[in-house]
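Quick heads-up: structures coming right below.
In the two assemblies presented below, chain A is common to both, partnered first by chain B and then by chain C.
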Partner chain A sequence: MTVRSLLGLAALNLFAVGVGAGLLWGLRGWRSWWELARLAGLAYMLGVAGLGVVLSLLLVAGVPFSLATIVLTGLALAAAGIVVGFRLRRARPSLGSAPRRIGLVGAGLAALVIVYLEALFRAARLSGLYAFDAWSFWVPKAKAIYFFGGLDEQFFSELPNATYPPLVPTLEATAFHFMGSADVVTLHVQFWFFLAGFVAAVAGLLATRVPAVLLWSFALLALVSPRVVGRTLEPQADFTLDYLFALAALLVALWLIERQPWQLASATLFLGATMLTKREGQLLAACVIAAGLAASWREWRSAWPRLVLASACAIALALPWRAWYVSHDLTGEFPASGATGFLDNLDRAWPSLQSVLSSAFDAGLWTVVLPLVIAAIALAFIAGARVLPLFATLVYALALAGFTWGIWSFTELEVPIEQDEAINPVVRLTAGLIVLSAALAPLLLDAAWRGTDRPRRPEAG
Partner chain B sequence: MHRFAPWLIVALAALGYPIVVLAFAGAPAFPSRADCVLAPTGEGEYQVVFGYRDSELEALELRDQALAVGFQGTEISRDGCGRVRIAVDDIPSREVGEEVIREARTVDLDPTLERES
Partner chain C sequence: MARDRRAAAGVAPKTDVSSFLDWPHGIARLGVALCTAAALATGLVYFAKAVDRLGDTACTNAAQNFDDREFAGGNALVVANRPLYEARALIPENETYRVVTGPGVEGATELTASFIDHYARYFLMPRRPSPDALWIICYGCDPAGLGDGFEVLLEDEAGILVGRLAG
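Our next item is the complex of A and B:
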């Protein structure tokens, strides 16, 4: 709660933008500085994902975790992106033309989103560490990494959920290093940066693809959902997972209709980060890939090998952590009854599905986001679009089925789950679909309006 | 002008909100460690605080010192501002607290009275 902590976080997040800009230059390049400004949010989230993944891998490898490690890792990532960019002969950026017009209504909605984020910043600055999981194990893990300089096996095994992946504690420990102390109050501001970065990334990706009114109205609708307002700043992994998953799914959706290699490459990094953020990240990543495979079945010869390669790369990023906790005899990642144990408890099927659906469609938590997305999917199908609505349908349906399987399989959970939303595990799961809706719904409605999901103006590679 | 009007709206909102907040709520406050010390006024229970330390190890030393001279019930706890408080809690009244403080001063301790949070 000091100026020094705030300045430290500002420095860290500027550093993440720099790292991500280097990665984006390698993956995609940009033609003008205006274009980079538009994609700064995506660059930031790439930087966060890249730093989170590589620092997690370094921790697993036993590399001492210090400020020097963080800075050198970021510089190496940015340098790798720049080298790749030069090797691929990315054009040198010019000033370029001014950003396109957004219209008065679109500007008004964008202004509301900005004011909302500014107000949330004020709340973040002095938030206490009250969220149960945050003080129970997420922040203690981060403190252990910060104070001990690595993954302390004994300490981790004493904490609840020892096998939960380390990306968020690693990023929190990174924030502690930049703040100069384990300031758990100002730490909430880091999660404000993640939210702002996610909004900016979606806006940057969709700004040239959909009308500003669609883009900003759905961003605002998702942001003002009561659960998002109340929980998004908590220093735990739930919403960070949702941002990474939503960006991965959005980039795969864009790749399905535009086929730009950088989109799938960026999605791969986000999928890897998703799997390193929470255990359900594996489920969500599998849903994105499965939906991508099904939606590209007409062009399976060209699309499927790329999607399989992308998923293999993402799994490769997440495997070392699994190897670490297995080799250290930590357990609890999967249901005690095994992957097919749910078949022994068929009576749990309906109450599990009931719990998931009642949570996903709870207007008190998410207002009307999911009903609107279903309407957007239906309109896109009716208007003649195929790839986008099929992909969206499958991501949502597979995720809901996957959540049901999870609740069904973890027999220690009493069903139907009717706990308060603060500790209700299903509410945490379904949040990902709401966050995803902010990214996919504008694309679906634009496709419905135009009667096709072919790109409006294909992006340069 | 029409071309820039939407961007002007965005810029005005982005700058306007912080300016309005600054104008009506003043400069942002940065709570200090002193904000975790509640003055012994009003209703409620009190605590006799022997001191604050930066680490639990240092706090345990002072706690042991207070216990050794007879202040039973001295405990350490986080104060919420990054320090560890060494105190006897549940003091029922201000008078009892001041009596405890007088006794402590006779054995080279220098506690203060605070209201429990």
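Our next item is the complex of A and C:
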């Protein structure tokens, strides 16, 4: 909780922007510096995902974790992006023309989001570590990486939920190195950066695609949901998972209608990071890929091999961690009854579904986000769009079905789950769908307004 | 194209209001307008609540002292935070410790005995917990049962001891 810690975090997150900018130049390139400014949020989130994934893999490989490791890894990632960019003959960026005006309503709503983020920053600045899971195992894992320079066998086997993937503890340990100490108070500010980066990434991706009023209305609605307000700063993996999942799903949605290779390549990195963040990340990634496959069935010859390749690459990023915990005899990743054990407990089906639906549609937690998304999907279908609303329908439906399967299968959970939201596991799961809505609802409503989900301009970027 | 440009700029296209009842595109546009209005109205109401709540949280956080912020979740578990601070000061970072619980802690809650070792593990890192450690945090335990040579270095009024067995 010192100025040094804050400056350290600022340096870390600027570093992540730089790493992500290198990656983005390799994956996509940019025509002007204004365009980079618009996509700075996406660059930041790519940097976070890239650093998180590669540092996690290095930890699994036994590479000592230090400030030098972090800096060299980031520089290597950025350099790789730049080399790829040169090999692909990306155009050198020019200053370019100034961005278009967003209109009074859009600017007003964007200003409200900035005011909200400022209020959230003040709350993060001096927040104590109250969240049970955070001090019970997320932050201790990060401290173990920070203090012992690796996946310390004692702590990583004795701490609760030993099989949970290491991406968030790795990023937290990275933050400790940049802060110069295991400052668990200022650590909350890092999670503010993740949220701000996510908002900036969605805004940068959608700014040229949807009207500003749609973009910022739904961003604001999702951000001010009571659960987001109360929990997004907690130094644990739940909301970080949601940001990565939502960006992966948004980029796959954009790829389905625009077919820009960089969109699928970026989505692949986010899918890999999603799977390395929490165990339900595997389920969410599978939902995105399955929905993408179904929504592209008309062009399956060209689309499916690419989607399969993307999912194979994402799985390849997540596999080493699985190999590590299996080799250390750690268990608990899957239901004790196995993947089909739920069939022995058919009486749990309805209460499990009931628990998931009541959590997802709880207005006290999420206001009216999901009902509006359902309306947006229906309107897009009515207006004649097909790919986007089909993709969105399947992502939401498969995720809700997957959550139901999870609650149904983990028989140690009493159903229906009616715990307080602070400890309710279903509420954590459904948060991903709310965060995703901030990205998909504007696209769906824009498609409904225009009567098509074809891109406005192929070069929209 | 012109309509798209206007829409992309966030400017409402000039649309005949009666066309909002045309099926399917008019109805779809009417729905978009209603959804956006609902999102906007709800967002604005909850924005005011959120900023208010976050302001309260920031004030509460700022009013706390360093120890309260650092201890945070531990305040619900530990009876007093001084013994753990003392333990952190006394036990060298490269040594091990163990927490031994018992019924003799004044003011303990039902969470204390169950979670004090979890919290100590988090709070005392990089010191490692070990079942045969010489350093002991006795949380209401019977010191006589700890073995010979247990030197008490801190005794809290609630019945919490921090000490070390002779090596």
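The rule we apply is simple: the second predicted complex is superposed on the first by the 459 of 461 C-alpha atoms of A that agree within 3 Å, B and C clash if a C-alpha of one lies under 4 Å from a C-alpha of the other, contacts with A are read in each partner's own complex, and residues count from 1 in each chain.
Here, a residue touches a chain if its C-beta (ideal position, glycine included) is under 8 Å from a C-beta of that chain, and two chains touch if they have at least 3 such contacts.
Keep in mind it's a predicted model, so treat the numbers as computed, not measured.
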| item | value |
| --- | --- |
| Room on chain A for both chain B and chain C (clash or fit) | clash |
| Contacts of A:2 with chain B and chain C, given as first, second, both or neither | first |
| First, second, both or neither for A:114, with chain B first and chain C second | first |
| Which of chain B and chain C A:448 touches, first, second, both or neither | second |
| Contacts of A:125 with chain B and chain C, given as first, second, both or neither | both |
| Contact breadth on chain A, by residue count: chain C or chain B | C |
| Partner chain(s) touched by A:103 [first = chain B, second = chain C, both, neither] | both |
| Touched partner set for A:221, first chain B, second chain C, both or neither | second |
| First (chain B), second (chain C), both or neither touched by A:290 | neither |
| Which of chain B and chain C A:135 touches, first, second, both or neither | second |
| Touched partner set for A:374, first chain B, second chain C, both or neither | neither |
| Common interface residues of chain A - those touching chain B in one complex and chain C in the other | 1, 101-103, 106, 112, 115, 119, 122, 125-126, 128 |
| Chain A - residues contacting chain C, complex | 1, 100-103, 105-106, 109, 112, 115-116, 119-120, 122-123, 125-132, 134-136, 139-140, 143-144, 147-148, 154-155, 158-160, 182, 184-185, 208-214, 217-218, 220-221, 223-226, 229-230, 367-368, 372, 375-376, 378-380, 382-384, 441, 445-446, 448-451, 456 |
| Complex contacts: residues of chain C adjacent to chain A | 4, 7-11, 24-25, 27-29, 31-32, 35-36, 38-40, 42-44, 46-47, 49-51, 53-55, 57-58, 61-62, 64, 66, 68-74, 118-119, 121-122, 125-126, 128-129 |
| Sites on chain A touched by chain B in the complex | 1-3, 99, 101-104, 106-108, 110-112, 114-115, 118-119, 122, 125-126, 128, 181, 183 |
| Residue ranges of chain B touching chain A (in the complex, touch as defined) | 3, 5-7, 9-10, 12-14, 17-18, 21, 28, 30-31, 80, 82 |
